[in-house]
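The block underneath contains the structure these notes are about, expressed in structure tokens.
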Amino acid sequence: MASVEMIEEEAATGKVKEIYADIKESLGLDFVPNMYKAMGRNPAYLEASWNKVQAVMGRTGKLDDLTKAIIALTVSMMNGSAYCTHVYTDAVRNYGLDDDGLTEVAAVIDVYNGLNRFNTGLDVETDEKPWYGCGAQ
Amino acid sequence: MASVEMIEEEAATGKVKEIYADIKESLGLDFVPNMYKAMGRNPAYLEASWNKVQAVMGRTGKLDDLTKAIIALTVSMMNGSAYCTHVYTDAVRNYGLDDDGLTEVAAVIDVYNGLNRFNTGLDVETDEKPWYGCGAQ
Amino acid sequence: MASVEMIEEEAATGKVKEIYADIKESLGLDFVPNMYKAMGRNPAYLEASWNKVQAVMGRTGKLDDLTKAIIALTVSMMNGSAYCTHVYTDAVRNYGLDDDGLTEVAAVIDVYNGLNRFNTGLDVETDEKPWYGCGAQ
Amino acid sequence: MASVEMIEEEAATGKVKEIYADIKESLGLDFVPNMYKAMGRNPAYLEASWNKVQAVMGRTGKLDDLTKAIIALTVSMMNGSAYCTHVYTDAVRNYGLDDDGLTEVAAVIDVYNGLNRFNTGLDVETDEKPWYGCGAQ
Amino acid sequence: MASVEMIEEEAATGKVKEIYADIKESLGLDFVPNMYKAMGRNPAYLEASWNKVQAVMGRTGKLDDLTKAIIALTVSMMNGSAYCTHVYTDAVRNYGLDDDGLTEVAAVIDVYNGLNRFNTGLDVETDEKPWYGCGAQ
Amino acid sequence: MASVEMIEEEAATGKVKEIYADIKESLGLDFVPNMYKAMGRNPAYLEASWNKVQAVMGRTGKLDDLTKAIIALTVSMMNGSAYCTHVYTDAVRNYGLDDDGLTEVAAVIDVYNGLNRFNTGLDVETDEKPWYGCGAQ
């Protein structure tokens, strides 16, 4: 149970009710996810958050849907957010990544988390000449 | 200047010298990056780190090179590692991402960093039914 | 210099130009902050980000402006974001907090950062009975 | 169960027993919280930690009790400390914040966590002229 | 259950089977830890990870085994990794640290986590003259 | 320059002046470090912080001075605190660790930062049977 009382669908009115409907339709769901029901306490925040998610994730840009979902998953894994890690693990599977792909995402995260701290810890300076990738080319 | 004295190329001998040569050839560089020169103080660690980077980044797997570089960049941005952020900003450009693409990576990071903390902060529970993506479908 | 080319005011057109004007008017500024000029590369993202900031920070809610600014400053100090720490250090001063108040914010952050890690590190369990505040009452 | 054996009240002697009594009296509790019972293994550390908490949280300074509790909650949410998040969620309620207020705290954390990473990720530079608040004025 | 299907010992073949055998023998175990069974999906990554762990932890260097285990435990506590915190809490006990020693590790983590944020939060500058240790001498 | 005006030695009076003197004598310094001069704005906090540092770092416990300094350095590297990383890099050198030792500290941090995220990211479960160390034995 979240630490605040969520606004359930049947209790939603006005703008919150409209946004709940939009979320369900846009995402093809027959329920409103808990995250949005917790945001439902603050209609202006719910609306702005949903719009920002849609502006970044729901539009065609330079990155395809799988790549954006992988970034979202990487961020969620880094932050230890069980909620979003769960959602985006399902999402990247939905976009075609299998268990080997997921393991590869975690492997890249492993490698750079390690190297990042080595470099910041020892204050390693940026090289004068550019190079492309800590490893692959 | 790093907080430890790096092993410069001309001072490298034995295994360190061999790995430096492999790094330059594999990455198509005429210099050894500072990160590896700092690792050069510990030959076994240098070798194992370089091999792990190659095993994850230098092989063909489920993810293409751009996607892996984007994950590496995301991790580096999350950790605030100036060194690796610099290298992988150059790397993703090298793989074809332009300024709009880079901004889009940062936008996805922005969105999920925010939502992650909302959900962990208020202890929002995982939904009983799966759904695919906090936003897009 | 940001790692992407920002959209300067004189280069802004359409929706970006409108939002830049709204930002300047709403914030009482004669320039567009760099953060928004970097977002300017992605008009939908710029608009959604600005709207979300306004929905949370620019409206009257349960928390007053100083309290919200203190939370924003705390988050920025925790993340090591020099940009936002700078902006919100100025902001809380603007809302009336002096050097002693700023030091007090940092002191509270010091205390709980420490205690947080002690508790998570040793896996200390939540008490069966509630209590109010790790210290004060 | 914590990963170290806590010093229970009935086992406490000397300085630990005295500090336990002071904690209970100062906080108006009929039990010693687990955090302090884990610290009880190290009397000098228990004493210094309790004194530091009191020095920062238990005295009248520039910030009122609710504001300090909100900062403590924000820090605990950022660190993902379940123990302190639980204590300070109760604490801010005790000082008068309701579910809408708690949601607003989480909303501000959401916004700035996102913006922080955008700015550090893209290395956005501090503006030459000051401005007050990323959003509100 | 991990979010990817682990490669169980009886399903392992080729290089994965060999590394599993090496892990069990090197660590004196009659089972393969879950971490390595999850890595088993990607044989090159498993091999490189195991080799890097051995290169850093399994060799005689400047730091003794207990000190290296304490660093590993500190890192795991900082990252909130339940898996590695569990393993290294057992490990440091195995190397001779008792409950008082573990509490002392957590106490040092508490102190510097706090001071770190105070200094970064208020942008305290490095002193012109060197000094040795924030406290002890 | 710190974001708050520090209390310089010549401006210190009363309790702050006494603690400054104690710091200099205890640490064998002819100056007061900036960290403590920033804390000087809040005498009760300065006193409690200094006492807590002394209680943890300045007493004989289960861990020797070098080990405690290594933990402090590890925490500071993890948090990206330039101030404390600088101080504790000097401190561990003072206690006898050379460049190879420092590189080894950073190598262990690299390894476990990586493995931590792999395990939390893929939600790898704690093993039913104990084992001692992710690598060495």
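Miscellaneous remarks
Labels A, B, C, D, E and F are assigned to the chains in the order they are written; within every chain, residues are numbered from 1.
Methods note: a contact is a pair of C-beta atoms (placed from the backbone, for glycine too) under 8 Å apart; a residue touches a chain by one contact, two chains touch by 3 or more.
Model, not experiment: these values are computed from the prediction.
The chains touching chain B as well as chain E are A, C, D, F.
For the two copies, chain B and chain D, the CA superposition rotation is 180 degrees, given to the nearest 5. The chain with its Cα centre farthest from the Cα centre of chain F is A. When you average the Cα atoms of each chain and compare centres, the chain farthest from chain B turns out to be D.
Chain F has its Cα centroid 20 Å from the Cα centroid of chain D. Separation between the centroids of chain B and chain F, computed from CA atoms only, is 27 Å.
In chain E, 3-4, 38-39, 42, 45, 49, 52, 54, 56, 61, 78-80, 82, 85, 100, 102-107, 109-111, 113-118, 120, 122-123 are the positions where the chain touches two or more neighbouring chains simultaneously. Residues of chain B that touch chain A in their complex: 1-4, 26-31, 33-35, 38-39, 49-50, 52-54, 56-58, 61-63, 65, 67-72, 74-76, 78-84, 86-88, 90-91, 94, 97-98, 100-101, 104-105, 107-120, 122-127, 129-137. Contact residues on chain C toward chain F in their complex (touch as defined above): 80, 85, 89, 99-100, 102-104, 106-107, 110.
On the side of chain D, the complex with chain B involves touching residues 77-78, 80, 82, 85, 102-103, 105-107, 109-111, 113-118, 120-123.
Taken in their complex, chain E has these residues touching chain A: 3-5, 38-39, 41-42, 45, 49, 79-80.
Touching chain F in their complex are the following residues of chain D: 42, 44-45, 47-49, 51-52, 54-56, 59, 61.
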